[in-house]
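Each in structure tokens, the structures are laid out below.
Look at the two complexes coming up: chain A is in both, with chain B in one and chain C in the other.
Coming up: the complex of A and B.
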């Protein structure tokens, strides 16, 4: 049987009524009064009046401040004006949404009223009951949306706005004013020689770092898990605990320890490990390596340490997945004559990816922003690639230097932050879409 | 007797101290449907694993096509397995699953396509190639698993409780389909189950197992009509089993009476088990039948009423009747001499067969 939506035709007078109620509620409350919903009307009108008062006492000034970012140095604090203006944008946005909902409500109620005026809730109790019954899901979720708006959208918006100003060490409020400069910061990053070279040097190292370090930790993690899950391995538990050790020690302590070990003149690697290797392997003569001084060797060290630090997590994850693969699958493939490698290639690996692909992606994005590894090992050094960035600085540690140094450039930092966000979000979305991990429906 | 393609000779399997299989002997002929029937833990899956090549024997010999199967890896045996949970790969679609074996063998792609099509046609899943496994029902997955096994053109197909995950209706349908498929292809099926109905419905030959031993083997009709002992009689179908005593050949005493029967070859005065199937019992008015009983309870089972009654000695009798009985009423049970099946206690299958051989002629006179 086919369900057919009932067509309701309204008389011209009724249509007139509905229209009137809808447009009257452009001033919230009036449409509700017109529909004989006095309590609701009073409530909505109250909200409207509150907003008007807020607008007169605070809002108008905040908007003006946002546009001008102050006119008198030392009196107007540009940064505060920017923040207040952003807040006012959110408040206004909330009001506009309220206005829309209020007009839709008036329209809907007017339609009900046209059919049968008795069906319209006019008493306070009925209005409350209706709100609790039909509006319950909305009442529950509205606080969450409000918190999200102020805790997440608000700071993102402020960062976004800063990227379009000239907020740097020449313009530090309140001594000087900050001004809107439009896309100039972005144009500078991509066109001014100094910024452009630094940006591309840092960006390309960030990409290389992310790909190699993360891939290394994935390969070691999956590899150890697969090997240690073979049946012939004895003392699995002992190995399991040993594998977890890099994970158990706080990362920053490990990084600082490694940083000391890799010290080119007094560190253990150059003074003990390399001579030891040289002494036990005949005819091998490795000279001291200039860790932390030579950019290449510093990068090698950082990537290796990250592989060591990052693999236990992958190992634990993969071990769990391996244990959930039914033995029947392997038996079935053995009947078909699959070799050990084919079993790994066609059954084990696809199963690991099917389950863990989203987590692998977070490993990549995590390393893209892995500040502590880069900064704690050698503070982004050695050397400089311009604009305050060292040769092993990735975008995130460069941002840190841009905002904390003696000559901060908040606008560049904000712009780079936005670029990072766009990259991370785009890649995550692409991969997540492909892996089905975020299919909410079954 | 045609050539045996699988032969077990005095096969024993131990896991540490525990003996899982005790002195198993049987031979499997080409083109028949065999069932290993027994409760879980009786060793039937171990036999399958030995045939498939996943487990080796502790003692004894296994021959495949008259040749010793020792150290022959699973993929070198022309034997395929359909697993209980199908063991389909969820990250591959139907085509990739069925083609898996051929892909491993690096067969030509066009030929693979052709063979997969053929295999899917055999299990009536044409045009399902691009379906994902998760999108398929239990019965369809079952058939994909069979297609994946069939594509390797095995001589023997091992099925390890393949229907246990399906609902009743589908299970019955699949019983027909499996039997029909086996007869159409002429491949030997070795089917493991604990469900006696499945075994009876599909098999050419059943091996009833208990605690690592084959208790009885034979056609479904033989095993149903002539169970060797209390265990088989109870496991296959429902039975009323009573203690009795042989008076002489063809005369047995139980329930306070002496009855004519068709079995012989026991010692005089020997204590025996007497089995009577509930559907062979007929309710008649009191004192008009063989034994008087009082009806205790009654259940409606759909096809029939299941009636429980007790005789004067307190023995429980189960009767299957299409007629309703009256609870609490005194009635009598009527049965014929050939409805009684008499089983010696502790008789081996060999002795049993010889005795049946010797006495059936006379019994049927």
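Coming up: the complex of A and C.
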């Protein structure tokens, strides 16, 4: 519900009262008692005492464990200490938020009380009713927050911490302890020859892959939408359904299907498609291509397949936008003598970008982390660029291999995860800042 | 004379345009249908087929389906995936609907900050936090279990979809709520009886997306599920063709169409709501 700030002047005593209530509730509950809200005060004080007890029995030990990560091998499990410490950080954070809310509440109620003490709810029923009215939106968002806290925020924190430890196949708890090593992991990635070369090889292919595959997707998607939007086309509905098929079929099925088709010895591309092209185009002799064996041709195949897989989404989106462009604009441009290309360049394209630019960007960031495409087609192979990465591995599939291989490098994987996150978030933020996504005043 | 010539060039330009348009559409259609048709036909081919291409000379049979259900763990995988998918769908749709409604209808303290938080969290590629999930799974004994995987699926979809849901709720006029409240309906009744029925199309779309995701997700499932009887279909099907020496392409094809057909059917059934859902949420954020 909305609060409108009114200009009210309080007497010095009243101001003193408000201040007192606010600062008393630095120990939750006391400010509420001062405002004569005994039930609420009791409740808040109870939460405060619970937190203190939790801090003494578990919290202090958890913080200590997070700092030392264990001292006795086999007895202390460094990873569990790390997790428990992270959990305690979250609990403390939640308590601090509660503390802030509680002080704001005392402040607000004290203001109401200063105007007219009768307006303050003191009975249990009134408190409940008030809580139901003001608290309803919070109640609605709690389930989403709880799940997100443990499925997103918590893993992100743990990743952040692991990147600063030496957790790898030499240090597997509980047999050995894991220790904090500061920035060593990051320094290794950028200075040790083996990791540095792999990192830059994988990173540059990741960038090339993201740019080419996504751009291909966008070009085919927008192109198909524009072509299909022409008035004269018959069987529009049939074509429309066909264009949606790559989206309707689960991606892993099509990727595996293509993986079979690009099999160099028995797959359809070498046994059927290339001979067919040779036969219809005179003087053309393409020989069999070593897909999945030669890195270059494997990359070409992967990018092309992603174009196939990803364009329908763009096509659907663009079709929707095209239909919303008023026809008068085109008619006016024809009177001014615009060609079809000019119409496309100066009316259609700007309109598409105006609406869909943020979604286009999510396509780029999505492909940056498109694990399925890379791993299901050829498991990141062929060949190797060192440190377990194959020649078509992108950062995320390299992370997967670092974590699942026979000699796992969890700390390097975590560090690369952080690098990925920083890249993706920075780009998204730049774009969202420029568009209107951050405007909440609807 | 000049005018006639202009008309003639215009006419031929139009004819060329027509030609290229249909050529493009037909070519693209062939490129789309060809791989799918290979999979569909392969599923019904008997004997020891190794080649994966389009040919209609074969012993047509249903053997592959028979083998799929009797000689492999396919039905177990299917059942596992259904369990995960339905749980993900129910919990996620419930959570995002409640949260989306709150963000659309109430102006509460911390609203804007937490909306921004959702937007930023949505960009984090959580799926890459494999090490963290591994360590967490060790602690709560979640390795090789479905509940842990389901939980991460649910969480991963919440931020983005809450935004989309909020965008859709915003399209329902707030006057409806206000008049319901004037007539004496409480918070819950306004939500349940007035607003919720109006966002049913978006609910259907969200449910479909949440349901489809576990069918296609490979990385986390492959990482967390260790024993074959716990696999989801995506991992299971891959085992049919991952061994270069023993590629059971016809078995793979049979398993693939049993997944693709129902999902594609659901997809086309709900497809008309997609665009409105995409643009309602997409254009605003």
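Everything below uses one rule, namely that the second predicted complex is superposed on the first by the 332 of 442 C-alpha atoms of A that agree within 3 Å, B and C clash if a C-alpha of one lies under 4 Å from a C-alpha of the other, contacts with A are read in each partner's own complex, and residues count from 1 in each chain.
We take it that a contact is a pair of C-beta atoms (placed from the backbone, for glycine too) under 8 Å apart; a residue touches a chain by one contact, two chains touch by 3 or more.
Since the structure is predicted, the reported quantities are computational estimates derived from the model, not experimental observations.
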_Under the stated touch criterion, which partner chain does A:112 make contact with: chain B (first), chain C (second), both, or neither?_
neither
*asked:* Just checking: does A:233 make contact with chain B only, chain C only, both, or neither of them? Give me first, second, both or neither.
replied: second
*Name the contact category of A:420: first (chain B only), second (chain C only), both, or neither.*
second
*Check the residue A:371 against both partner chains and state whether it touches chain B (first), chain C (second), both, or neither.*
second
*In the superposed arrangement, does A:90 touch chain B (first), chain C (second), both or neither?*
neither
_According to the stated criteria, A:82 is in contact with first (chain B), second (chain C), both, or neither; which is it?_
second
*Taking the superposition as given, does A:45 touch the first partner, chain B, the second, chain C, both, or neither?*
neither
*Most chain A residues touched (candidates chain B, chain C)*: C
_Quick check on the output: what are the common chain A residues between the chain B footprint and the chain C footprint?_
none
*asked:* For the complex, give me every residue of chain B touching chain A.
replied: 52, 54, 73-75, 79-81, 83-85, 87, 89-92, 100-101, 103-105, 148, 152
*Within their complex, state which residues of chain A touch chain B.*
326, 328-329, 331-338, 342, 346-347, 350-351, 354
_Looking at the complex, which residues from chain A come into contact with chain C?_
1-2, 79-80, 82-83, 101, 104, 132-134, 136-138, 140-141, 143-145, 147-148, 150-159, 162, 167, 220, 224, 227-228, 230, 232-233, 239, 241-254, 256-261, 263, 266-268, 271-272, 308, 316-317, 319-321, 355-356, 358-359, 365, 369, 371-372, 375-376, 379, 396, 399-400, 403-404, 410-411, 413-414, 417, 420-421, 424-425, 428-429, 432, 436-438, 440, 442
_So in the complex, the part of chain C that touches chain A is made up of which residues?_
18, 21-22, 24-25, 28-29, 31-36, 38-39, 50-54, 91, 94-96, 98-99, 101-103, 105-109, 111-112, 114-116, 119-121, 123-136, 138-139, 151-152, 154-156, 158-159, 162, 170, 187, 212, 215-216, 218-219, 223, 234, 237-238, 241-242, 247, 249, 252-253, 256, 259-260, 263-264, 267-268, 271, 274-275, 278-279, 282-285
